[in-house]
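Since the structure comes first, as structure tokens, the remarks are kept for the end.
Letters A, B and C name the chains as they come in the text, with residue numbers starting at 1 for each one.
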Amino acid sequence: MSHSSSPAGVRALADAAPAAASRQRLADRWLPRLVLSPTIIMSLVFVYGFIAWTAWLSFTESRLLPRYDWAGLTQYLALFDNERWWTAVANLGVFGGLFILCTLVVGLLLAVLLDQKIRAEGALRAIYLYPMALSFIVTGTAWKWMLNPDMGLQKVLNDWGFANFTFDWLVDPDRAIYTVVIAGVWQSSGFVMALFLAGLRGVDDSIIKAAQVDGASLPTIYRRIVIPSLRPVFFSVLLILSHIAIKSFDLVMALTGGGPGTSSDVPAIFMYQFAFTRGQLGLGAASAMMMLMTIVAVLVPLMYLETRSAKRG
Amino acid sequence: MKLKRLSAALLAASLLPATVMAGNVEVLHWWTSGGEAKSALELKKMMTAKGHTWRDFAVAGGGGDNAMTALKTRVVSGNPPTAAQIKGPAIQEWGAEGVLANIDPVAKAGNWDKLLPPVVSQVMKYKGQYVAAPVNVHRVNWLWVNPEAFKKAGATVPKTWPEFFAAADKLQKAGIQPIAHGGQPWQDATLFESVALGVGGAGYYKKAFVQLDQATLAGPTTVKVFETLQRVKGYIDKGAAGRDWNLATNMVITGKAGMQFMGDWAKGEFTAASKQPGKDYLCVDAPGTAGMFTFNIDSLAMFQQKDPASVKAQADLAATVMSPAFQETFNLNKGSIPARLDTPMDKFDDCAKKSKADLTTASKSGALVPSFAHKMAMPSATEGAMVDVISQFMNSSMTPKAAAERLAKAGKVK
Amino acid sequence: MANKLSIGRLLVYAALALVALYYLLPLYVMLTTSFKTLDDIRQGNLLSLPHAWDGGAWAKAWASACTGIECGGMKGFFWNSVKMTVPAVLISTMIGAVNGYVVSMWRFKGSDALFTLLLVGCFIPFQVVLLPMAQLLGWLGLANTTAGLVLVHVIYGTAFTTLFFRNFYVTVPDELVKAGRIDGAGFWTIFFRILLPVSGPIFVVCVIWQFTQIWNDFLFGVVFAAGEAQPITVALNNLVNTSTGVKEYNVDMASAIIAALPTLFVYMVAGRYFVRGLTAGAVKG
């Protein structure tokens, strides 16, 4: 180590008297960086290095396996000419927006309701949380059945005598993407509920009591005081939800497989199929780069805000 | 005590030379269920009998999507499996990446050129050398019929498209769903290619889907194929979207639906429901495709191995796959017919016997064509783009003319 | 006031119960299906109870369903998943704890930037890293081993665990650490003596999160460990998917529940600590 050769080290030796304490201070200066460095290096190699590698591939003619011959913008032009890609992008917009909004609303609502000193809170919380514990390989089939008009809810309700009840979104090319939202909300809202509930538990009771003394009604208190104080939680939730939305792959794969046709395709599936099954690795890489750029555009401002608010808090 | 252990070690050491040529065989496949798994187990048994160690590498799902991903990463990491379930032009694509092993010596010794129909052996070779071994031949252009339902509706089993639509109308009137279908891209493509073969004939099919001739793809015959497909679409229920093929087959079994376009693996589903061919269900040519044959061949492509023991094991694997014993047992379980022409057919059922007979006639008349829905006819990129168009056609109000134009555009994707 | 039974409270209970039904529906469907016979499934209504409760599917799922050419059910793959999940969860949690400690308590010039850099790692689509990772694992000689898989999970899990611990430690009063430093405690002493003892809640959160993520992972499992070392999700996928075989939905459902048991168990047992841990500061962002 370069301890003794650094200026601080020399000074420490000169001081001599409280040498142990100085060495301690010196260690305290370098240790944090040292401790963090393996993770940073891993991240540089395994995240940023791999992104760079993908970027390079997106400029090549790679087919089944990586090749490194320069091909310019061919893959991007092919990508922008591909209708399926644009369907996927539009779907991500619809799905991402609705999924984040609905999960947020449902999660917050459940948390607020559960916070009313409910009797069976433990059991209810477990029920809301359990979908998070299951992978979609597991629940996909069950959802597919329930949403299928011939087997699922529509049939059940028809059998019960509601002959006119129709629920065929899963097989409707214009609506299939909404069924993905339904299942997505089911899976993630419990977790969001837990985050909000935790936030609510952290709110000081005396503030609420004081407001009640002033005659404010419960909904007003929540709207005006409690929910605004959850601001930091909103950031965490948004961060986690947008992460789930952009990466959603299992969910769509299990439920619709991107269908009917390609009507509920999303970029993650597009990328996977082109890169790995169709032998168009270059095109897949180009689509991955577009995904990454979207992520950066959406998340960097969000994360900037999140770290700033943390500094304040 | 010590002495005993020492002698045991010595004994093991003395045995070593004998076992040194026994290698590992690792086969990537997606035969993970029922009859298929049983069939593959036969291969394992035969290989272990030769002293090799079998390491199973099964990856199911998405018609091989997951398996291809796993395979790619394994090849990139420098540890390819001994062999992988790869078929059709994909063998050429892998060959072009320079990772496949030459198994010509085994093929020469086994006289494969004589035993395999030329269309089959062609697929197994890269630049004139064998790099893959065929396991079976599936026929795709079947129509599965529930005779009970037909009797109830007073319909006759169709041979041509007009007859087909007449039968479909009668079934519909009788309250029976005429066609059982699953709206997954590969099933849409399976249906499309049977219609294309029936409407356009083998010559058109080859020109359009093997040679990818632009004029043919955008031409009037393709428009007519899409027009027919549009009519067929009208006899499919709304709940078909995303339905698994076997659920569709089940609709035929229970008589809820009258017929289904599907390859010969559908037989397994009928057999599982203890139905008899010819009595409880019929296997007939898809309309207008009598004497024609769309083939789908499963094969094992061999990957280059470093370790000499593995190379030896690989050669044994190739020879075993082509052995009459394996070809017979495997295909009895799977519903397909052996790729090897000289395999005795007496243990097979009537559907398989008809399949074998049609294979021989079609091979002679030039009506033996590769199934593109099952990745036998064109590069994977082109195939993917075409399937996209077909499944979009099935799920939207696209006109036949627009569909033909887009299909031609998809034919240019490489 | 909270215990008064008013119309408002009845509505609250009704709403909660209704939502609970929606949440439970898929589990109900899976459970009842797993106890039906195949004929029962073919004829029955999705929501109907089994005609006769039949445990055959469960026995088959556990011991004799095919997940490849081997037909030994799910039992063998449980252990594989445990061997992968336990070390990966522990290592990534420990690294996350130390990292979180550094970026919250020992900020140095650029540490915030580095933290943001790390966070981006949470958002990279995993499909992107498959091929280069495979190449790297090949060079390291870790291709297709459980060790390699553990490494992958640690690498891509650390960003999240760091985030969790950092958000937790941010809420720990600075005075605690300052007092420690005045007393002459060093970097590690403060961590082990002062922070770790109060980190219980966030450990629970982090372990639950990581355990769920890693146990349920399919993509890394299928790509880096398919074959003998495959985790249970890959085996499950093999079992429920079939290209040309007969589907046994009851066995599929039973296997699916078997594969999900550990995570379900973790949530049931540790669920209350989960919310408590989150309350303790993890979400104060």
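Here is the rule we go by: contacts are C-beta pairs under 8 Å (C-beta built on N, C-alpha and C of every residue); 3 or more make two chains touch, one makes a residue touch a chain.
A quick map from chain label to UniProt name: A, C = Binding-protein-dependent transport systems inner membrane component; B = Probable sugar-binding periplasmic protein.
Because the structure is a prediction, the values reported are computed rather than measured.
Undergrad: Counting C-beta pairs in contact, which two chains come out on top?
TA: Top-ranked chain pair by contact count is A-C.
Undergrad: With centres defined as the mean of C-alpha atoms, identify the chain lying farthest from subunit C.
TA: B
Undergrad: Approximately how many whole Å separate the CA-defined centres of subunit B and subunit C?
TA: 37
Undergrad: On a C-alpha centroid basis, what's the spacing between subunit A and subunit C, in Å?
TA: 14
Undergrad: How many angstrom lie between the centres of subunit A and subunit B, each centre taken as the mean Cα position?
TA: 39
Undergrad: Taking each residue of subunit A in turn, which ones touch at least two of the other chains?
TA: Touching at least two other chains: 66, 151, 272, 276.
Undergrad: Check each residue of subunit B and list the ones that touch at least two other chains.
TA: Residue numbers touching two or more other chains: 62, 64, 69, 72, 76.
Undergrad: Where in subunit C do residues touch two or more other chains at once?
TA: In subunit C, 130-131, 133, 237 touch at least two other chains.
Undergrad: Help me check something: in the complex, which residues belonging to subunit C touch subunit A?
TA: So the residues of subunit C touching subunit A come out as 2-3, 9, 12-13, 15-16, 19-20, 22-27, 29-30, 33, 45-47, 95, 98-99, 102-103, 106, 108, 111-112, 114-133, 155-156, 158-159, 162, 167, 170-171, 181, 184, 186-188, 212, 216-219, 233, 236-237, 240, 249, 252-253, 256-257, 259-260, 263-264, 266-268, 271-272, 274-279, 281-285.
Undergrad: Looking at the complex, which residues from subunit B come into contact with subunit C?
TA: 26, 29-37, 40-41, 43-44, 55-64, 66, 69-70, 72-74, 76-79, 244, 246-247, 250, 254, 263, 265, 268-269, 272, 334-335
Undergrad: Once bound in the complex, which stretches of subunit A touch subunit B?
TA: Against subunit B, the touching part of subunit A is residues 63-66, 84, 144, 148-151, 168, 170-173, 176, 253, 256-257, 259-263, 272-274, 276-280.
Undergrad: In the complex, go through subunit B and note every residue touching subunit A.
TA: Residue list for subunit B touching subunit A: 62, 64-65, 68-69, 72, 75-76, 90, 93-94, 96-97, 99, 183-185, 188, 237-243, 379-381, 383-384, 388, 391-392, 394-396.
Undergrad: Using the touch definition from the top, list the residues of subunit C that touch subunit B in their complex.
TA: Spelled out, the residues of subunit C in touch with subunit B are 42, 66-71, 130-131, 133-135, 137-139, 143-144, 222-224, 226-228, 234, 237-239, 241-247.
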